[in-house]
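One chain, subunit A, links the two complexes that follow: it is found with subunit B in the first and with subunit C in the second.
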Partner chain A sequence: MADFEPKIVAFLCNWCAYAGADLAGVSRLQYPSNLRTVRVMCSGRVDPVFIVKAFKQGCDGVLVSG
Partner chain B sequence: MISPKLVEVGRHLNINLVTNSEVKSIEGEPGNFEVTLTNNPRFIDPDICTGCGDCARHCPASAVNQINKGMSDQKATYIEYAQAVPLAFAIDANVCIGCGLCENTCLAKAIRYDDKIRETKVTVGSVILSPGTEGFDPSDLDYLGYGKFPNVVTSEGFERILSAGGPYFGHVMRPLDREEPKSIAWLQCVGSRDTNRCGNGYCSSVCCMYATKEAMIAKEHIHGDLDCAVFNMDMRTVGKDYEKYFLRARDKEGIRFVKARVHTVNEIPETGDLKIRFADEDGEIKEEIFSMVVLSVGLTIPDSAVQLAKRLDIDLDQYNFAKSDPFAPVETSREGIFTCGVFQGPKDIPGSVTEASAAACLAGADLSESRGEDIQTYEVPAEIDIEGQEPRIGVFVCNCGINIGGIVDVPAVQEYAGNLPNVVFTDSNLFTCSQDTQEKIKEKIKEQNLNRVVVASCSPKTHEPMFMETLEACGLNRYLFEMANIRNQDSWIHSKSPDLATQKAKDLVRMAVARAGTLKPLKEKVIRVNQQGLVIGGGISGMNAALNLAKQGFKVILIEKEPILGGFALKLHHTIEGADVREYVKKLISEVQAHENVEILTDAVVTGFGGYKGNFKTELAVGPNKEKRKIDHGAIIVATGADEYQPKEYHYEDDDRIVTQVGLADILEDKGASDFKTVVMIQCVGSRNEEMQECSRICCQNAVKNALHIKRLNPEAQVFVLYRDIRTYGLLEDYYTEAREKGVIFMRFEDDSPPDVTTSSGHITVKTKDHILKRDVEISADLVALSAGMRAADTKELSGIMKLNANPEGYFIEAHVKLRPVDMPGEGIFLCGTAHGPKLISEAISQAQAAASRATTFLARPEIKLSAIAAKVDTDHCVKCLSCVRTCPFDVPVFNTEKKVIEIDEAICHGCGACAGICPRQTIQLGFYEDDQIECKIDALLAGGM
Partner chain C sequence: MTQKLLEMAGIGKDRLHLAWVSSAEAQRFVDVATNTINTVKQQGKLDSKAAAMRLEAAEMTVSSETIRWLVGKEVKITAKGDVYGRKWDVDKYESILYMELEREYQKNLIFLAIKEGCKSVRDVSDKTELELLRISYLLADLEKTNRVEFTGMENSKPVFAVI
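== the complex of A and B ==
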């Protein structure tokens, strides 16, 4: 497990978490590159089906933030 | 928080931003001013500079970073902060050594060493002065040790320490040794309420609140325990919901609020800790040791603003704030020149933003005849029909100077993009956002017949609208666009692992291309705006809102539930400044009545309501016979006001000699004060208690006003004011000082031991515990005046009908406390006066003007375009489970009982898509974010192996 690199999909709300992720960039914070973001207009838009789909296709983690 | 506003201002077609310049003179008259500007050299062309920062990275000359209060360095080539607008660097000529490195580095060729001071002229119709404020410089107050002991910082410096963009990247550390502090003391009123050392007699209004906030955030940021103590004379948390915040800080977070003014700060040399000496309430000298001391510095008017006022012939008061009339708060002494913010008087952000809108209202009213002239608009060509076409995607990858290109292998990403399905064209640019690249994109769209565009660059939050406009400008529907965020969310955060960043960029581009293929042209529905306004409430706020909206050229219907206009102000006599309220109200009523654009309906109540922004329909019952009337209007201003609390405390109901402050003002007006030997005033009656947690904001100044009135009428009379904190914020502090000078005695009591009032046929006896003597004191009084708080007018029925949200205290809730203080959450609905929260007449007037201004920006457009990001129901497959109805945070989906279908009105849909997420049968789709338009991204990501 030492070299395990998880694949993580992040659903980020346009108005808060996505803006926060942008700000992390502006502030040059460094974090692992295992995350791929999907922008949504509200975390409420995230249908549970999206999450199941991500896992089904081999994703190791899903982050819904909003 | 301020960043989106900055971007909006920077991008606005009709705001010409002239930075690094000063006003030299203003000649002419309202409607036609000629303004001469002195443009200081920047040495970098802001139109060409892309803000990449290469120049600063190569600059060898260092300077002190003023924004970070000297706690970090910057280069001679600098930008004040990351979100600055325009995002363009400047060269500090005092520091620059002229080495030429920046010129050689700058890929955009923006450096101009020969830039000179210039003079330009602009002609305008109105002028608004908002030169702002600077924090008081405590260097001269030697007993505080600022500048001498590194761990003594100002509150401005501490804000920078807390900031992620600050000197320590948001880690709370003390400057001396970069250790986390174990305890921090805030010393209030540094440079405020101090006529002894600095001459600033006023209260800065904001420091109590920001000190509390800083203590709360510091506690959050720090890893271990942090002892926070705020040393204050009075805690002045007078704003809407501020008292609740203060109580949370004190009771839940354990922040200590100590009643003392600290007189000496000394450093313990071995540790860098600070020993502070102060006298506590018993008069005993105490010492405490803290790791850090924050000086809560007050707001002052910078010298540059004083010079500006002199050049423009604007009258200033003794503290250099712009002089204004209580009934004309944002007008300066020079006609056609308006003001807002701290230059008008000390105030917080909501107050400043409100005043800014008020000043815009008055500035605009003078120009309303020429509205729409001299402005720029976008010309949009006819849309190209892409029906039936296969996706032809163009991908533009941005280097962003070296921001992306220095980390991510942009050529590799571009090549990778070229092999993705449906991609027919790729390009990479130094700066994809630059004006010349926009032209290039337009060319390529036409040349390559592109019908989808992907830009891989920075954040869609800041740049999507601009690229969408580029698409529109060559006839492509704006919704055929997608961005891959390979800067903010890639190169900037993975700068130490270029390979991983490049891999991520490829993934993000693949996801974006997949999504682009699924995008469809969307139509933005256009709705007409009914250009008539409705103002609810005929008090000072409502009348001012109606009058100012009318002056902007719009028809207004003003409704008042009582048979006459005037509202609560009819019960008042004078403001603390001595201005005659009744005279003003009389004048205001006749002005409103005389204005051809205002229709007044008294004795009128709202009985029904429907419609949406721009097209409201309100039903009224008007007059003694309750005649029904229907009104169509585009905007609403709510100004339903507030009343004085009717006390149940202190025998108010059963003894005539116990009155409220409003009652006392009546007595003083009618009978004078010659009968009084002793008057006792009791503060916080019906405020700051269990029933009403909030402070009513105005009662302290009310008590001071009446106390001064008594002293003027009868200097022999004794006046006692029993208080918890005296909250004479801003310039009101001068009256508090005057009252003490005139011999009014102020005695503090604790909230758990309020005064005791007993009545007999002779005297009223008030018993209270003196906070200095620590002994019970008995006062025999002829009259007791209760400073009864404010209560929002009963609007339960109205808010039920119009679906307006009020807080537990009954005051209506604004859309955003700081950025949108007079907008209500529903579009086209605005709020002003005491319906929003307790406030003074002058504050209510500027808020009414602000509401009129906001309503004007809404009504001035004959039609509005709705965002196509709205939910749609497929009624054929909907099973009417009502999940969407239950889920929508804005109550938009409704079940139409006649047609038996769910309806979603796109005019009121906020486009969050929560309904689409919850719908168990996927019969609701959100435009631009349909299920497959999101799922395809997951597919594309994981198909590529990530």
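== the complex of A and C ==
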């Protein structure tokens, strides 16, 4: 499983982690490209139902970051 | 709570990560992202077809009224007290939440197994890997809330169907 590339759905808060991710891009820090980002206005908006739905639709992991 | 549920559903809690990153911490975001990806990599691919029924049950559980009420009331009943004025400590609240979570999840799993054509308690047990006694116990609950009905005997075994 060495070259397995997981699909990860990332729920990022618009004001915190999304801006952090943006800054990481601007300052050209390298990070793996497995994340599929969903921008939310607050990480409190993320419902457990979204997480289960993400798994149902075939992703391998979920990251909630705020 | 969701991690507990994913653990129950056999998805594994290591597939769900939560982290706080401020907008100024680009390096921290990179670390969190890398860390998440590596942990998920170790878990291997999620076979969502094999886990479909368990995920469906998990989704029904987190959408269920009981669980959503219980989660929504957490701060109120642990800080101010419930409608009878009793204040619950956090440990007690959590143990009840997890108990209820397990019960709802197993009930939904049984419901789905019967929906998919398992008729007797033994069929359900083979499909869901739950104990026979636990299934009979939860079936009584499902019958009471009109989700499952007893349809008769087949080869001297009771059989059930969803409503």
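Just so we're on the same page, the second predicted complex is superposed on the first by the 66 of 66 C-alpha atoms of A that agree within 3 Å, B and C clash if a C-alpha of one lies under 4 Å from a C-alpha of the other, contacts with A are read in each partner's own complex, and residues count from 1 in each chain.
To be clear about the criterion, contacts are C-beta pairs under 8 Å (C-beta built on N, C-alpha and C of every residue); 3 or more make two chains touch, one makes a residue touch a chain.
For clarity, every value in this text was computed on a predicted model and none was experimentally measured.
Colleague: Mind working out whether A:52 is in touch with subunit B, subunit C, both or neither, as first, second, both or neither?
Modeller: second
Colleague: Is A:38 contacted by the first partner subunit B, the second partner subunit C, both or neither?
Modeller: So A:38 only meets subunit B here.
Colleague: Tell me which partner A:9 touches in the superposition: subunit B (first), subunit C (second), both or neither.
Modeller: first
Colleague: Between subunit B (first) and subunit C (second), which does A:23 come into contact with in this model arrangement: first, second, both, or neither?
Modeller: Both subunit B and subunit C are touched by A:23.
Colleague: Please report the subunit A residues shared by its interface with subunit B and its interface with subunit C.
Modeller: 18-19, 21, 23-24, 26-27, 29-31, 47, 49, 53, 57-59
Colleague: Looking at the complex, which residues from subunit C come into contact with subunit A?
Modeller: Touch list, subunit C to subunit A: 1-2, 5-6, 11, 15-30, 32-34, 36-37, 39-41, 43-46, 48, 51-52, 55-56, 58-59, 62-63.
Colleague: List the residues on subunit A that touch subunit B in their complex, please.
Modeller: Contacts found on subunit A: 7, 9, 14, 18-19, 21-31, 33, 36-42, 44-47, 49-50, 53-54, 57-59.
Colleague: Would you pull the subunit A residues touching subunit C in the complex into a rising list?
Modeller: Against subunit C, the touching part of subunit A is residues 1, 4, 6, 8, 10, 15-21, 23-24, 26-27, 29-32, 34-35, 47-49, 51-53, 55-66.
Colleague: For subunit B, which residues are in contact with subunit A within the complex?
Modeller: Of all residues in subunit B, those touching subunit A are 82-83, 164-165, 169-170, 459-462, 485, 487-490, 492-497, 500-501, 503-504, 507-508, 511, 869, 887, 889, 911-914, 916-918, 922, 926, 929, 931, 934-935, 937-939, 941-943, 946.
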